[in-house]
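Per-chain residue numbering starts at 1, and chain names A, B, C, D and E are given in the order in which the chains are listed.
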């Protein structure tokens, strides 16, 4: 069909495998909670999401031992996501506030801050424990 | 054929600010006669976040990431334009290789953005298969961008005085593979979009913007080029590495027999800019000089240099949607004294009033989309008090502008 | 139960009741109070309707009825050599006539009930009711008479009463103009009829239809008479291209009058059929005249509906639809006529087409009357007929809206309402004659629907308009008037077969069967 | 006359057909979504998804907007669903005779079906108008125009087929039992000669294009156009009411597909393979379902994934111009065929 | 309002852009694309809040959109879920501005946050999964 080129395209496509990456499973399991539980127990597995490239900017990690408390990261953070804790002279990072720019990584003179490749971060409580890095 | 149902002679049809055809909030008010548009008015400002205001309270290194998020589609245009102003004021010498990296990223951004737009246009036409197809192939450019910068959308690659990441030679095959991918795909994309009768039926002679109107309304970018204006910042006042490269504006008559300035021509221009970008990236890969990509890696130093800078400058960039312009004035504080952003949609949006008139309801989405509007980077002004008692007239605005300019001059 | 004297003289009562009531109305109006007068009129109409029903029952069971006014034994056939007894009034009531009388009876009664409330605010109600009753007399006379001259007389009665009623909204100049237009055209039509009657009388020395039909030679003069009659009656029934008076008259008259004028038009249509089928019949070139009627019908359908689509005035819009619907009747009957000569074709589809056309007459009278009454109800409450000035009435006038929906679906031929039943008969017979005719009929039907959806939306839907915030439902009398018609619409739609078998088929075969008509009048020849 | 037994049969049949229509309609929707998804290189929802959608909608609130005329707003979905089911009652399903239609003679046929098909659409129009929202109003107006647009070509197809059948001397040419060859064993293809076959193919194409308009799918989904009208005439509907409209659409899709099957793909396996009566009914029924899926694939799924939406004025030009023209060519070919085969009186 | 099991497996999404940078909006749409295809889970985007079960909010909620956000939320038929997408829902680069009413949680209750600027499409899908898990919890722990 010259005037509807898509017809040929879709008919060709119907025989091919879909482009979908079936994360976390092809269809919704009968119960998500049950599914997550059996994943936890190792009885089922989550189909992995599309892989991240090296140097992907995921959830931030912090090495409080190497940190010197120079506060440079705070000066360059565009999102006000880093808080200085005067008692310990260390910093605390709020992941839900961070915009994953990794600027603090670049700025940190001691390399205490590194972006991980973790990006499945959805949460019901934005101040949950795993959402605060310190 | 008379419309099947009754209408009061004319009626008002509001569209927006939240409407599936508009991915961003903006309120249109149409005065309709049946299905035909008599008059158009629109109220932007719904996405006004006070970006410039916030920026004037932050240092340039932070602002770069704010500019990234003026709009998430052109992840690099705004930050590039902004960085160029600061670099000019602080007289920072950007390493040559950084220019090439910036260029490559900008062209990937263009590929990504134009294919995105093509998909959106198809969606506005109710052609979801093409929408899916376009966005499916767009993922490839996002993958490359993510591979090169670490994020799919807000690249964060620009830094004052260069770029934050260099491309290593082991990354080149990946880039090359994706260029090849798009080259192979291009024929199919052009065929699917441009030979389809149902798209032609909807887009030809629809939303026509004549060359004169395009000129008079100060349109920029593909919108202007689709009306036959030979203009492109990359060609007219090259920045980054464009001066070394062969860049020529894409005009619809390079593909079609003539220029109509209709929606169809805008599709043609955008689709043809994809191979153009591929060509530019190829040139960059070939010519890229070795060397540093950032003039200074110590952030304290960058911050200090920016703080010392005094002066003003303008940075112009050809974003996918047209010229994007930043003006910055630094006065020796860590924060800019003034920052103005003029995005491409700012210039293009007035064309709506012209091209929507006399068209039908059904064409509203595609015509609005045809200039590829981005409200998030356009919404510079908002009337904050909503009672509408203090709408500013043209005279008020001119007076305020003059006053402000005087203030800046002091 | 009912005295024999009445049963034997039903035709006389059919005319006498409304006639007497008409002349008595002004007197009663002067004597008693309004209640009494209203009751009197309503009673008279009810009686007339009842007589019509009885008469129809009699005719349907016992066959064609010949009634000579003032005759010692009114039922005796007229001898063939009597010369037609031009002075005496002879009614020849076959099934078709009874059918028409029935329509007039039902619509007449609902319209009167409706008028009780709708006219209560206007002046000159005595003359209004009188004219309405006279109009009824005219219509009933036209459909029952067996005599050409009397046909002319009743035609004139109905025309004059109609014209006066159209103009009765005296406060409006346009109404008077429309009334005048109606009067002039009616007179013109009447003159043409009179001329034709004269031509026929000159040749055959008789005015009795049966007698003339019996002797019909189809000379040149007869041909001229035919043309005159067909022209005049087509004009009176509002067929294209002589439809131009209908929008004016229908839209200017008070709604109940318009509803009844529809019946009056159909009486003219009846006249047309009578002339063609009874007066001329065998002498005609069926195919030619049939095609002529078909073409008029198709034109009426198409032109009527296309003119209706852009109208802004509800009544005008409905008037154009009346033109369009008349087209269906002409189409159905025209196809029947075109194949009248061919036994097999007649039995495969010709008769069905005619039945469809005739069924459509009664259906149209019901739903179009209903629609006009709803339009009147809306006008009664809002004071406007302009679609652009209405809106949101569905919030307050629920019943009117429901009646409107019923009428609109019926006219658009949507099942299960009566309009569909008759249109279906037309589609499914006419396509055998020529498939394109059916296709056109179906397309016109959908356009009709579109047009009424537009009205529905403009009048009843949308947000409540501030100026109609306090609008209430119309008074009960008006609802009753509309309710009766709506009921008929629904019942006929649900049980079309019963109606067709019981009412329509006999009427159609009576119309087709010229010889038995002649025989019943002239005695077994 | 209708006896009590008949009446009982009708009641039972109606319940069955209603259930069948809803289940089949939702399955068809699921299959359609699956096909479409695969054509778009996606996996798509499971086939049972429409059932889940409906169940979900049923548990949600039904919000009545402020400007609505509540009576019509609430009744429209009921009428739409009920009338869609009624259509199915008149259609043969496989070799099963229609529940209604055979009885009162001549009153349960193709034209009735054609007009019944407008009723759910009309209910939607009324519901849209009654919503009192500008989007819904525009949607309703467009639905009305769409209806006008497709009715013409549809009328041509129906009349052409019936005309040819009756020229071939079949009684009750409009009866779907006749058309589907249930009473005669001869469908339209068996009646016509080579010219007529060409004409029939043209008419089949026309009917295939009328289908998306009847069931409001791309390219004729202008009344609901998501990007233009946010869902158009259904914009204000939610919960139970929306579910009913959804079901009505589903049933209507089955009806439209069954109509196409009855007219153009009426063959039953039992005509060719001898088998006991109960088995024949089952086999034919399954075969009929297959045919319905095929029809839906070609005239709904395939078209909707490979086209842009028409503008409303295009719709009128295309249906009244091209498709009606095409239909008339088909009709003329069929008439020619009848002349060639002889037996024509007029 | 009684939740039935079907609810969480047929989530119709209405997307509300409250003045975001487009990054999240584009990723919302990208999430719907063949590569991720949440329609597998019955998730689809709808054009009217009346039809929606899930409200996906993106952006920092500008002053103009604050009231509208509340209105859209109120228009949705019960039961309903809100997913706050992007770092803007809890901070991000937009803060300290005179024209922001947000983040969204100050206006309407947010059930699930999806951090990221913008989140990757699969992070959004994960957010939906979280939402469904939460619904199942409300449902009385359907197994």
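The rule is simple: contacts are C-beta pairs under 8 Å (C-beta built on N, C-alpha and C of every residue); 3 or more make two chains touch, one makes a residue touch a chain.
Keep in mind it's a predicted model, so treat the numbers as computed, not measured.
Peer 1: By mean C-alpha position, what chain is farthest away from chain A?
Peer 2: C
Peer 1: In terms of CA centres, which chain lies closest to the overall middle?
Peer 2: D
Peer 1: Among the chains, which has its CA centre at the largest distance from chain E's?
Peer 2: C
Peer 1: So the centre of each chain is just the mean of its C-alpha atoms; given that, what is the distance between chain C and chain E in Å?
Peer 2: It comes to 64 Å between the two C-alpha centres.
Peer 1: Just give me the whole-number Å value for how far the CA centre of chain B lies from that of chain C.
Peer 2: Chain centres of chain B and chain C, defined by C-alpha means, are spaced 70 Å apart.
Peer 1: I'd like to verify one number: the distance from the centre of chain A to the centre of chain E, where each centre is the average of its C-alpha atoms, in whole angstrom.
Peer 2: Here the centre of chain E sits 18 Å away from the centre of chain A.
Peer 1: Whole-Å distance, chain C centre to chain D centre, using C-alpha means?
Peer 2: So the centroids are 38 Å from each other.
Peer 1: Note the residues in chain E that touch 2 or more other chains, in rising order.
Peer 2: Within chain E, residues 9, 34-35, 37, 40-42, 47, 92-93, 95, 117, 120 contact more than one other chain.
Peer 1: What are the residues of chain D that contact at least two other chains?
Peer 2: Each of 37, 39-46, 129, 137, 140-141, 144-145, 147-148, 226-227, 229-230, 305-307 in chain D touches at least two other chains.
Peer 1: Scan chain C for residues touching two or more other chains and write them down.
Peer 2: 450, 453-454, 457
Peer 1: Considering the complex alone, what residue numbers of chain D touch chain A?
Peer 2: For chain D paired with chain A, touching residues are 35, 37-46, 302, 305-307.
Peer 1: What residues on chain B touch chain A, complex-wise?
Peer 2: Against chain A, the touching part of chain B is residues 58-59, 61-66, 68-69, 127, 129-130, 133, 136, 143, 146-147, 150-151, 154, 156, 164-165, 188, 191-192, 195-198, 297, 299-300, 303.
Peer 1: Which residues, counting only chain B, touch chain E once they are in their complex?
Peer 2: Interface residues on the chain B side: 17-20, 23-25, 45-51, 53-54, 57, 65-66, 69-73, 75, 116, 132, 135-136, 138-139, 142, 152-154, 374, 376, 379, 382, 384, 386.
Peer 1: Which positions of chain D touch chain B when the two form their complex?
Peer 2: Touching chain B: residues 39-42, 129, 134, 137-138, 140-142, 144-145, 147-148, 218-219, 221-222, 225-230, 305-314, 316, 320 of chain D.
Peer 1: Would you tell me which residues of chain C are touching chain D in their complex?
Peer 2: 345, 394-395, 398, 401, 405, 409, 413-415, 420, 424, 427-428, 431-435, 438-439, 442-443, 446-447, 449-450, 453-454, 456-457, 460-464, 496-497
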